[in-house]
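Think of it as A, B, C and D in the order they're written, each chain with its own count starting at 1.
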Amino acid sequence: MPAKSQTWTFTNRPAILSTGVVGGPFEKKGRIAGDFDRFFEDLWIGEDSYEKAQRKLIEEAVSIALKKRNLKETDIQFFLAGDLINQITPTSFAARTNAIPYVGLFSACATSMESLALAAFIINHGGAEKVLAGASSHNTTTEKQFRYPTEYGGQKPPTAQWTVTGAGFAVVGTEENGPAPRITSATIGKVLDLGISDPFNMGGAMAPAAVDTIEQHLRETGRDPSYYDLIVTGDLAKIGRSIALDLFKQKNLDIRSEQFQDCGLMVYDKSQPVQAGASGAGCSAIVLYGHLLNEMKKGRYQKILLVATGALLSPLSYQQGETIPCIAHACAIEYL
Amino acid sequence: MLAMFFWAFVVGGLICVIGQLLFDVAKLSPGHTMSVLVTAGAILSGLGLYEPLVNFAGAGATIPITSFGNSLATGAMQEVQRHGIVGVLTGMFEVTSSGISAAIIFGFIGSLLFKPRG
Amino acid sequence: MANKNQNKTPEQKAYDQFEKKHEMKRPVLKNCIRAFWVGGCFCLVGQALTYFYIYMFNFTEKTAGNPTTATMVFLSMLLTGFGIYDHIGQYAGAGSAVPVTGFGNSVVSAAIEHRTEGYVLGVGGNIFKLAGTVIVFGVFSAFVVVLIRTVVMMWGGS
Amino acid sequence: MKKIMYVLASVCLLSGCGFNGPEHKDSKMALVKKTQPSPVRLSNTGNKAVSGQLKKDVLGFDSIYDVAIIEGPKETLVAYKVRHLHRFKMKKIEKQLNAFLKKRYPGRKFITSSDYKIFLETVRLKEDMDKHRISVGKAKKRFKDIIKLKQELT
């Protein structure tokens, strides 16, 4: 491996011990509804603001993940998480509730893999025994912050994406002896900006970042794309995915289209009015910790590479006419 | 009267189509589009073209947001005739006040009654 | 906008072209037809209300516009509050944004959205978050137009 | 999508149901179709032939298709309806009409209006008078109210 590498390889078998995945009413009607642990029937989740509701999502997902293993908050050493809202308050407030030493993270929608990669890194190097990692997003808080009030009758173009209401959290540790989903390597992406400035076209902006991270990962691990049963991007949605496939061809990466999926296209049913697909920090988290891990346990996939993509914009930056810088982090998860 | 309904529908619809073209072809945000339409209404009013349109199409011309620019300009022009150049400042909201006050009042009442549904 | 393009590196420009090919085309014709009929319907309702006020109250054709506008904004408040207007908006685009109900919707939706921040700072401070641009540009353009008109009339001598 | 259709349809219906005017048979339809009411005279100063002629003169305008006239003690109210495609030029028509009346009937004061409301009120007043529902004194007061309404327009 070259000296200056952006990929970590984990030899001490950090594993995903348990997961908690919760979603909202809209996700319940989606395609992978069977892979959630719990749904909330109402976007308010009994709270008086959507921001508090998002905090509740996180708390619920965390407590489900802990309960599955009969763990208490005190058994967890670090809590690595983030979301999309200003100053990541929902996550920080949830961290106030569970009182686990907390590292707040932000890579927009790539936060899910950023947290998992860091968690695996900490575990691998003996920094902790158990770490909680994950991400969340809430449709209306995100709409409110990045776009328009939720009741505003603006028309979304077909390139727009629908922010997932959901949270996915995982306990990462080492103690598992038998087969388990393990993080074998992770690639930290660099920020790429190819000059897209339309906030309603995130997929188009993020695709190059995803392709770059995948390319780096494959080169630095010396793996061929066929090593993986599935390469999954975070929330590129329709446009981003077709761009990425084209970019693979340009770069002579042999990734077949049936091997290349996108979380943004897996969450919702075709009949749901989500335009190009799903997005949000919670999107890749719920798909990985829910659907994909279940499929791995069933034996459908052995090795997957999950590349979460994030658009690092703020409402301020795009109003000031700035283009959208993007990032992608990848984690390789193998069932062994 | 039936002709009035017909033309209200057609003219109102066409103004909306202009708005849609600004959305889709010029790729303007809703905020930009509305600003353009309001400004267009004010300019047409200044040229004396908006009033005939209102006479012709009734609500087809008064309901679209362009009429907001028209009534601002009309209010100012009326006041100019009465009080001279200072009227440009003082007469602006003479005609428009109902739309804005209704929006404020119902907006506030709405916030008392409703929660965003998502 | 113009200088944004100049600042782009050749790589960014090339990607821009490349990306455009993948972007889904907006269904302009379909959107326009929808905008036309929905926008037209809003105007029909407005026209009916105008006649209603002429018939039943002491309003003339000119003055009936005011109560009509207010009623339309009221309707828009109900449609917004019950969560219907955003669905109409997605279907009709400008057809529901351009009529005065769209103005009402932008005010009411902002007010409802920010009620969690309190009535003074939340509702009061954000109520014109979206509609503010319309008011600002309406007032300023009307000011400029009338000023020019007045000056021209004075010089023209009519 | 269906939901939207229902809502729009019900809004249209609701607003359409608002028309339940008072007991005026003719005036209910005054805005929908031609009414062609015969001129009304509130005082005995003028003569009938003249007001009939006045009506014919106003209808002589190509762009005007319906007219209601009330002759008051001092002034004469002429409410008229303009053919729809001519409504763009409404201001010009009003100017022409005023000039014409001034020339044709010098010495008489005319108030003209193309506003539906004025027309409607004129027809309503005529009906009430025809049915002797109101006294001449009251009618004169109603006439003044209509004129006041017209003056508010400018």
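We take it that a residue touches a chain if its C-beta (ideal position, glycine included) is under 8 Å from a C-beta of that chain, and two chains touch if they have at least 3 such contacts.
These numbers were taken from a predicted model, which means no experiment stands behind them.
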**Prompt:** Using the mean of all protein Cα atoms as the middle point, what chain has its own Cα mean nearest that point?
**Reply:** C
**Prompt:** What whole-number Å value describes the gap between the mean CA coordinates of chain C and chain D?
**Reply:** 35
**Request:** Can you check how far apart chain A and chain B are, centre to centre, with Cα atoms defining each centre and the answer in Å?
**Result:** 45
**Message:** Based only on mean CA positions, could you tell me how far chain B sits from chain C in angstrom?
**Reply:** 9
**Message:** Averaging over Cα atoms per chain, report the distance between chain B and chain D in Å.
**Reply:** 28
**Complete:** Listed in rising order, chain A residues that touch 2 or more other chains are 50, 148-151, 154-155, 157
**Prompt:** Of all the residues in chain C, which ones touch at least 2 other chains?
**Reply:** 26, 31, 38, 41, 44-45, 48-49, 51, 61, 80-81, 83, 87-88, 92-94, 97, 102, 106, 108-110, 112-114, 130
**Asked** For chain D, what residues touch not just one other chain but two or more?
**Response** 31
**Those chain pairs that satisfy the touch definition** = A-B, A-C, B-C, B-D, C-D
**Prompt:** Where on chain B does chain D make contact in their complex?
**Reply:** 1-4, 7, 51-53, 55-56
**Message:** Going by the contact rule set out above, which residues of chain B touch chain C in the complex?
**Reply:** 1, 4-5, 8-25, 30-35, 37-39, 41-43, 45-46, 57-60, 62-69, 71-73, 76-77, 80, 85, 88-89, 92, 96, 98-104, 106-111, 113-118
**Complete:** The chain C residues in contact with chain A across the complex are 1, 4, 8-9, 11-13, 15-16, 18-19, 22-24, 26-27, 31, 80-81, 83, 85-90, 92-94, 96-97, 102, 105-106, 108-110, 112-114, 116, 129-130
**Request:** Spell out the residues on chain A that touch chain B in their complex, using ranges where they run on.
**Result:** 43-44, 50, 139-140, 143, 148-151, 154-155, 157, 198
**Prompt:** For chain D, which residues are in contact with chain B within the complex?
**Reply:** 31-32, 84, 87-91
